[in-house]
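Two complexes are shown next, each including chain A; its partner changes from chain B in the first to chain C in the second.
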Partner chain A sequence: MATNPPNREDLKATWAFLEAGIERIMRDLNSGMDMSTYMNVYTAVHNFCTSQRPIAQPPNLQQSAGVHRGAHLLGEDLYNKLIEYLTKHLTEIKEGSQAHSDEALIEYYINEWERYTVAAKFINHLFRYLNRHWVKREMDEGKKNIYDVYTLHLVRWRLDLFNHVQKHVMAGVLQLIEKERNGQTIETTMVKSIVTSFVSLGLDENDSTKSTLDVYRQFFEMPFLAATSQYYQIESKQFVAENSVVEYMKKAEARLAEEQNRVHLYLHPDITGPLMKTCEKVLIQEHAGLLREEFQILLDNDRQGDLQRMYNLLSRIPDGLDPLRTKFEAHVRRAGLAAVDKIADDGGDNLEPKVYVDALLEVHTQYQGLVLTAFKGEAEFVRSLDNACREFVNRNKVCKSASTKSPELLAKYADSLLRKSAKSAEESDLENKLTAIMTVFKYVEDKDVFQKFYSKMLAKRLVNFTSASDDAETSMIGKLKEACGFEYTNKLQRMFQDMQISKDLNDAYKVWLEDKPQDDSSATAVDFSCQVLGTSFWPLNPPGTPFNIPEVIIKTYSKFVDFYNEKHTGRKLTWLWHLCKGDLKANFCKNAKVPYTFQVSTYQMAILLLFNDRLIISYDDIEKNVALSQEYLVPSLAIFLKAKVLTISPATAKPGPGTTFTLNTDFKSKKIRVNLNMAVRAEQKQEVEETHKTIEEDRKLLMQSAIVRIMKARKVMKHVVLVQETIAQIKSRFTPKIPDIKKCIDILLEKEYLERLDGERLGYLA
Partner chain B sequence: NSTGSAKRKRAGSMSVTARSTKKAKESTETWWEEVAGCSDAEILDGEGFQKWIEDLGLDPSGMFMYLILYKCQAKTSMTITKEQFVRFMDSIGVKSNSQLLTVLSALLSDIRPATAPHPNPNFKPFYKWCFQHFKPEGQKGMPVDFAEIILQTLLDPTRYDPTWVSEEEPTKNEQFPHVDAFCEYITQSDPRPVHVINKDQFEQFYEFNLAVSWSAVEHSEDSAWPALIDSYVTWKREKYPA
Partner chain C sequence: MSYNSQLRSAILQFSRVTASNERTAIGYLKSSNWNVEAAANLYFSSNNGSRSRASSDKTELESLFEQFRDSSDQPNTMTTEGAIRFMEEIGVELDEATVLVIAELLQAPVIGVFEKDKFVEGWSSINAMNLETIRSKIPILRSNLDNDTDFKKVYKYTFNLALPPGQRSLPLEIAIYYWCLLLKDRFKDHIDDWISFLENKDRNSITRDTWNCMYEFVQLAKNDPGLASYDVDGAWPSILDDFVRHQRSKA
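Presenting the complex of A and B:
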């Protein structure tokens, strides 16, 4: 087709020439087009657009404008002719499409689309001159509905073909996808091509260089989502009716993954969000009630995998998890209470601290594990777990008698771990157990109670040298400090310091003693050491009974007092005789080759030493000599009787006024060292009671000082607000009750730290 | 309006005293001698009051003594001095028992308690003063048995009337229904919730009466009432469910 370009002035001839070229490109691109034909078409467009032919014009227009306008109008003619051609061409395609349906139609549509768009690119190139001048100018002038030639092809496609056939094409596409959803293999590239073609048709009306997803969204996405929704609605309903909830969750999970994958394979990435939302709504939201009903069953049977599946599903819908959290919290609390009930029934009053703490920990560990694996450690579930644990740790059957039972038992358990004993734990194991204690500690509301008991028992460990390991003690205090701050562990740390200071003091005393003239042998006859401990840091009470210091140790006693007063003037030493102990060598036993050593308390020592002078002593004489009150004297004697160090007369009597005691020279023991220094049970019980009492007192002071602190800062405050702030300040130690706070406010009003300004407001009195 | 008439009277007598202060004083002093029973008496104590009340023909359980102690701003418990007596009587221009009886009704009305919506603002200072005056010296609180009498007297509006007489069966305190119940709570409970009533509890009890009706629906533990009042409400709800 090597014909030359037609006369530039003749539209009819030019168009006929061009149409032949275009038709060739459209219909038979594969056969190719030689360069000269191509160039001729290109030239024809150029020539036509630049021809000077005057055409119908208002005659009074100036010449220069006329030239300009001429080119303008000529371009328009060509443009309209092109539209005419495209409409005709597309109508033919449309008619051709009617012969096809379903997959064949899709194939037809894709083929035509591909042919058409490739041709459009060439034609666009051929009409470049038109694009560059006439189209550009029209667009610059703000004319609507004028497009560059390529875009014009797309616009015409949409108007003359797409609008008429898209419904049928989409029907085919949806059918295809449904086939795939039903498990058949389909030609996915077909869908992909359709998607691409739909996307290409999206033109930005304001800027033809940009494309939008409007057409695609309207004609593909919407029907696709509707079909998806409908498909899964039917499927899920049917599936649920025939299968268990667990099976359904698996199915839903698989379907969701499948749809996600579908996007990757052949859909536009833009659809991910809407598609997932649609699927989630139909597959999860609409069955959420059913799933949640199953939750309790899964919890009861500890079905971790299924719980995880449920979590994953419900986490995908808005507010999907809230009901689960509530149920989970209640479930954990019940589990905790049940665990405590069980051991409370078994243990009764003498519940082993370890058994109790282990029971609490077991529940916590189990559900913490569940939260981590099944619920991905999600913060809200962690909070539910914490809430539940806080509930059952502080309010359970064991705590019924006293809400402070949990911290008491926890502290006792800590003591049993840290105390030297036959079954001391391995170092690493011990550390784990201490960490576990902190887990429970975190939930304990009455942290002040724990502190009280812990410091009491720590004091005992230190005073009696029964602490298993300094490292472990330090580690535990470190943990408590981390959890509650410096103030909480301050006294505990000072107790440790005092121990070191005491050690140094004993060394200094020995040196001091050596420099003294040895006036009397009895001063050094006793091997002596002592601990000097700061009254304000140690939870130790002064002795509850008068006591005459035995003659043998009185020298040593006064020497040390001299030494200490020399070193620190103005300090007062209080001797805690009830905590002192000593070893006595028993030379009186007839049958012993080696003398026994009796480990005794100072009180017991004072009693036994009386028998150095006499073998038979009456109760009243003992009482007179040692000056101990009955509640200390009687148990001490009882231990001697039980161990058969002494015998009583009358033989069946209990120690008391009117009885006499005889040293048993036939005393026998398997061990050389005989421990007679045993704590009396009644004493222990009394101690616990006392501790609880001091807690009450301390709490009152703590609340009062908090109130004063707050009021000092705020000067004037509403009563209600003050109560709330006080609770907030104290909560880390214990949970104060409102009436108790009010009582403290009453006390402060009476003491005139505060005044009532009017009914509701309180003022601070400096 | 009784308060108004009292004021008028006071204003009128003021002009009299302004003209002949010395003479008025003399006659007030004469009257003091009559009341106190002897010419050089410097104080009038409880016993003296009793006699005076008898002379006036009033009920000994009435408000008269409270009124006079308050108006004279007595410093010592249940005792007024001659100086306090003269100062007060001069200020209202009263020189004799009979004159006193004519203004007594107005004086009492002036400090009579009333409940919401129109509480009497003059009552509260009087009520607060009474606590300070009647509590044992050097102590912060008032023994409950004593507080019972004070509360039942002060918070009984009917007693603010010279013609009031005590009865065997006291009538129900309609305006301050909490008074008798509260007194029962603090004196009859076993063990007693408190041994003494402190200033705050005493003063707040009056406010409580203004704010909280017999059903106690207005009461909440979270509000600012002293703990004793909270525990009273708990007790009352059990004992006298409204």
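Presenting the complex of A and C:
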């Protein structure tokens, strides 16, 4: 190697000097290059570029420009020489490559690439002066196809080598990947290097300092994706032909994971999207019909894991899940209906509310679980579940007789939980059950029916002091309020308030009594307490029979009336005798050491008290004295006969006119306290019917008031819009039928709250 | 009935020229396609200068009224018997719908009762100033029933005529009677079904709304005898919904 840089003005000499240096770096970098040689080459470039040779200067150019052009032309010579060298060098590599194929070719390509790019960096450094001045100026002037020296290396590689060999190299790469897909182990770093080299060749046409993925995409990604698609097309077709759908899903899932992993291991991250899309199309989309056919079978057999797998696969393709949702909804509805059918057949008319609600809940719980685990709680599946549940909760075999059966049974079940009973549930368990009720409640369309029955039964629990727990009651009302708003539970809450107020009122009454002069002992002889309940909040009706208040309690009765009127003038007290009860001490029994206590209704009390004066009384006398109508008197007497408190004559007769009753002084009972206050079954049934009837009436009023409210606000409205708006307002309580709304509109038209205007519009008349 | 301002000014102009009332004006204007000049020509040629005789004509009508008024009746009021005699006199059968056209024309408060001033005003509005001209007008009045606008007027007025005093809605049998009278031609495809439908329903009165909407329904049925275009969720009274459902279930 020459120790000194050559004559600065001699291109031939300079290039010869440089070429030797470059060749050394290219071919034998490993054996090193000493500093002075390196510096000499560097200086030679510098010197050459800064020489001011007058030659080659066109005579007509001005002197000042000539300096520039001179350096310019010199740089260009050098640049072209370098291109010439690179092309020669690369052609040699290209020819060398022909000796190799497949993996050997890849290896060759990679080795050459690495050597070449490392050398390029050094050479770039040596030519830095050229880069900084001549190249920069050319580029600033906007010349295309002029690159800095390093980039020039890449450009030449691409033009002189890559374009000729890439097909062969890629064929090798694809073969390698296919080998891996077939389960063999491969040298993945080779693929990775190829990818990196392809990426490096991507140059931005507009800005050579930036790189693009164009080359990589065209020469790697495209063939790779095509090969992938083809590979899996063949594989999946074959697999499906030989295996079950469930097996195929596992396979597809594994393949997808594998490909994902491949990206991490040795591919460019940019390919993730296109690769997954390609795989999904071939592995899922093309078999989607087959998968969906299997869905019903998996549902039928409750194969949660497989369902999850199917969900995961189909959720990856566009619109993959829609058909599943439809099938799922239908399936859940069928399951719900079947569950109800089963218990409806077993239970018949006297279906236990608990059995019914449990059956509904079981189906809901099962499929909610499935949605959460297999379908990841996806919102659309939740909606399908809700739709299905709403269907089978409101329209099933039990509801066939009356669509209001679901809310009725649900309310009864709630009552059975909240009422004091032998098998009262644990506190936490109770809370869970109440929450479960709310799950069903959410689906009930006739929420007004639930409200009706619930408030009836709550009233009964409160009046009879049979509520199991105040906390549970409050919790339940809180839940209802949360679900339906303040208005829905307003009356229920007022009922609790009345109970509290009554407690205070009873205390006040006792104090008031003590202050009164005790003119008569009979006023205090009876231990008395009562609840004063607001008429408009409590679903209680006044007694349906006349009644003579027994002599013994009449004083107490009038005292309390006095007290109350003193406290609240102008309020009217209605005594609900049919809900009152009392204890009677029975001293007439010959055999009892301790007198029995009879727990009786006020009506029964009035009857029994008659026997204080006589032992034998005729039906007609009883009727005359207590004034009860027959439908109340007969059942009360029947209970006494059944309990053998009274005997009837003639002995086999039913209570009624012409019979007489005798007090049974031989009465015996195992218990000291004898409960004779039992609800009559017929009464209960009648009550249910009445409740249903009031529901119809209430609904009419609710619809009418909604219509009036809307019309009052809008004044004039199209008929159709009014109907829609009314439905929207009322939907939270029940689902109104359009003909019913129209009937209400008819009524309001007739009552002249509304008038008919032209164009199907209605007007509000104030 | 309301008219837009253009028509209104035509009516006003005509009334001023001919010194006739609004009703007459509308009648003439309508028949001359709302051309005031043509209408006025028509008016004068047909009346032949009757303007000057207007007051004497009225007396003729007034005395005609008195002829049929029963002496026991309230003054200025003609009641059923007189009305029946009057109808016979002018050649109108009691069971033809023309009775209702006349009742509407004379703004009878209830069926069979006419008030003197309305009687005079009504007849003069169509230039029937004596018994003879009244008779000659009957065919025109009869043919009014074929014209939708006039028919609708008479139809709607009939509810008032038929309404028993102090009531809001029409007893079913009365409603059926008048429907038969008015609709036997216009609604002939359905009238029998409609009536038997009503008779089988435990509804014993017909509201004004239903009565009025029935006109629209008849119009619909005329153009669409199959009632296919009827929307049971539309703005119809529910009794018509029920009827259409009933008809459809039979089909």
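Here is the rule we use: the second predicted complex is superposed on the first by the 759 of 766 C-alpha atoms of A that agree within 3 Å, B and C clash if a C-alpha of one lies under 4 Å from a C-alpha of the other, contacts with A are read in each partner's own complex, and residues count from 1 in each chain.
Rule of thumb we're sticking to: a contact is a pair of C-beta atoms (placed from the backbone, for glycine too) under 8 Å apart; a residue touches a chain by one contact, two chains touch by 3 or more.
If you're wondering where the values come from, they're calculated on a predicted model, not measured in any experiment.
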Joint occupancy of chain A by chain B and chain C, clash or fit: clash
Which of chain B and chain C A:269 touches, first, second, both or neither: neither
Partner chain(s) touched by A:742 [first = chain B, second = chain C, both, neither]: both
First, second, both or neither for A:760, with chain B first and chain C second: both
Which of chain B and chain C A:657 touches, first, second, both or neither: neither
First, second, both or neither for A:720, with chain B first and chain C second: both
Chain B versus chain C as contact partner of A:570, first or second or both or neither: neither
Doubly contacted chain A residues - partners chain C and chain B: 718-720, 723, 738-739, 742-743, 746, 749-750, 756, 760, 762
Footprint of chain A on chain B - complex, ascending: 140-141, 198-201, 203-204, 207, 211, 221-228, 230-231
Chain A to chain B touching residues, read off their complex: 718-720, 723, 738-739, 742-743, 746, 749-750, 756, 759-760, 762
Interface residues, chain A side, partner chain C - complex: 718-720, 723, 738-739, 742-743, 746, 749-750, 756, 760, 762
Footprint of chain A on chain C - complex, ascending: 168-169, 207-210, 212-213, 232-239, 241-242
